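Before anything else, here's the structure in question.
Letters A, B and C mark the chains in the order given here, with residues in each chain numbered from 1 onward.
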């Protein structure tokens, strides 16, 4: 059966049929649907609506605020589930510190509250309502102890109550929250006229691109030469996405996915350029790196093509650095045992194989004291999203 | 009564860990066993998530001190309810150190009950006595 | 190039590996001496093969160890891998190896095979011209077994369950299944070139009050996972339970059912052998008692008709034995075996029927899982607690099964957890247990673990 796959990105869209991929820059004067139809009307009209599959990262994804009782359970589990559901922007608040935390100024698509196994009562009090009063949010969901259901329901308008993500044995339960978040994404799309119109082309659900990529990874070996454990790095305009084999982390999460995902929200080469430069300047290795690339610090302030290339290389370095054992954060990946790094997204259109090999080797030599690197694969055609 | 238990640090003594689990359950406790190789923060987080009455850390390889020295500091970052009991037992240090020396030291780290090279049943009997007395 | 071969090219492209020459390795295996293949020995020997344990960090020390073993007339040599290599941490292994070489002290608890490389190691293996068995405990052994096979090591121990549940807390089990699938496939591929490569499962598991039904189920499942990838020679194994009767019953049931399930799944051309591990639990601090324990287990190995016995030493309670003590153990076992030829087959019908039923009952539940591949059925069954081993550190293990010994020291289910043995089978188990009122189960377990002390 022939299928037509369409991926809507923030700068361009891609159309894949029978392994052949075409890319088109988006015309922002037109709606996505009009733009698509003006550029590939023939192709699209030759497919039945049942055979057209669309995924999108154009709308930026949902922003999330997670309020949890502990780092090792509530927050860790909720963050894991949220990332794997395709959510990009995640802020976390430890409930114990909630009175001292400044609520985020931005509009939050969904607030997730979690804490306690089902037998525990009286975890939450007025503090949470005071905090939430200052948060601008669209949706709110509770995935902690059942004993708090009544209390929260009586005090928070429209709160959705789902199965506790922490089991009685303190293990993760991901299903209900995961489908809630993917459905919410769906609803979010429906709220965005631009994307909603795309249902004129397909009878299938429109998913977020990272969700589709994550789902495709178990099949990746059939298409390109990679061996577990590997990471997929998608450095975009605003955020950077990493999908990683589960055995790269030493973590007590017993989840069903072979690959987990994580996002750095301020590591992008266009929209987040400033914060990328800021993060870079604070990194102790960055001057050696610039020297290695034979450029001066001034390049970071320039807007040239050369500057973009350097920034992209810099972002590869920073991403690896941020997940390495030298930088404790949400997770730490055992990069020593990596077999492959797959780079996808916009940077594959700018950087050459030599550029990426060069910067990765710098990282492996400088940080891990290795002499060579895992094999780097450039997903030039950006086709991972088509695997199934 | 809820008890969170596990073996702290890079310690893989699974047999001791399971025996404590089974013994606690047999004495009527509700047990949350975090298993071997558990870090101090995970223990405290589990106490919070389960609203446990007792935290029973065990350590068999003599490295307890390095892992538990900061208990007091870490505790201050949590909002525990008043009567949570912090207990540690096992082979707490290597070498010839006596219990007379070790017990006060670990109590100063923030433990209420400290058992160095004490038999499992004896330790748990003591815990039950302590619980009765503190009622 | 096949998918497998493409993956192999990626795996051997590693910081710690010199160029890996697949063509040369293929040629080496094709022309390798038959004496290196344990599968060949199994075929042509009526006697129980004796294999000690042991491994040292440096080449020279292993070389000397092997010499010592050969002088004791050993049948199969062990190569035990260090714990850094088991975790794929070749950087630390390398550092510790050079420290061991420089200072003449052992900084590793085994041989860092990947760091030594196959070109070097092969010299030693071919020099002794004796089968070598790879003992490790690695969930991701892909690179390790490439180097082992290229070195002339033609028996690979382990499996996705038996090398994971007893050793790891959180290595993702689905990945372990996929990594072991690679191992099976490589072994299968090389098996076409000369004599078959032998795969052996690790029956002792956590070596503490393991119920025979669970041990046998796991042995049979690892066997099937291996045979379905094309392996033609497989050893199931278990360790001394502490009850001679239970060892006899276990051996009769595992032999019968291994053949039954291998044939049932269409692998009638595969050879299945039985390996017996001498006592794997805590040893007495008394060397004379240890001698007696080892002798008894040698007798049992003969009674049950094992094809290979893996030995312990009288110094077990005191740490890693010297090479001399280890060689002496081999000589003693061989001496004892000399007296035990042509023993009659013994059994216990009622016990065998019950154990057979339990194994069938658990396997039926595994095969009824809705997943589309065997490994996923097994994976789900472990997640569901159908397969649950006592004293595993792994977060996936249900930890609901509790076992104790009956008055004849047989290991019995005291609590079956979610293990799907029938009420009838469970009632049989319970009927054998005699706990007095007021006895604490935990005291009984402690006593039962320390049965040999």
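Here is the rule we use: a contact is a pair of C-beta atoms (placed from the backbone, for glycine too) under 8 Å apart; a residue touches a chain by one contact, two chains touch by 3 or more.
Keep in mind that this is a model prediction, so the values were computed, not measured.
Enquirer: Could you tell me which chain lies farthest from subunit B when each chain's centre is the average position of its Cα atoms?
Expert: A
Enquirer: Compute per-chain Cα centres, compare each with the mean of all protein Cα atoms, and return the closest chain.
Expert: C
Enquirer: Please tell me the distance, in whole Å, between the geometric centres of subunit B and subunit C computed from their C-alpha atoms.
Expert: 35
Enquirer: State, to the nearest whole Å, the distance from the C-alpha centre of subunit A to the C-alpha centre of subunit B.
Expert: A distance of 39 Å separates the two centres.
Enquirer: At which residue positions does subunit C touch at least two other chains?
Expert: Each of 169, 395 in subunit C touches at least two other chains.
Enquirer: Using the touch rule from the top of the page, what residues of subunit A touch 2 or more other chains?
Expert: Those would be 252.
Enquirer: In the complex of these two chains, what residues of subunit A are touching subunit B?
Expert: Going through subunit A, the ones touching subunit B are 69-74, 96, 115-117, 119-121, 123, 166, 169-170, 252.
Enquirer: For subunit A, which residues count as touching subunit C in their complex?
Expert: 171, 221-222, 225-229, 245-247, 250-254, 258, 336-337, 339-340, 369-372, 375
Enquirer: For the complex, which residues does subunit B have touching subunit A?
Expert: Its residues touching subunit A are 32, 34, 41-42, 44-46, 48-51, 77-79.
Enquirer: Per the contact definition, I'd like the list of subunit B residues that touch subunit C in the complex.
Expert: 12, 14-15, 17-19, 21-23, 26, 33, 35-37, 120-121
Enquirer: Please give the residue numbers of subunit C that touch subunit A in the complex, ascending.
Expert: Against subunit A, subunit C makes touches at 3, 6-7, 9-11, 13, 15, 88-89, 91, 139-140, 142, 169-172, 174-175, 178-179, 383, 395-396.
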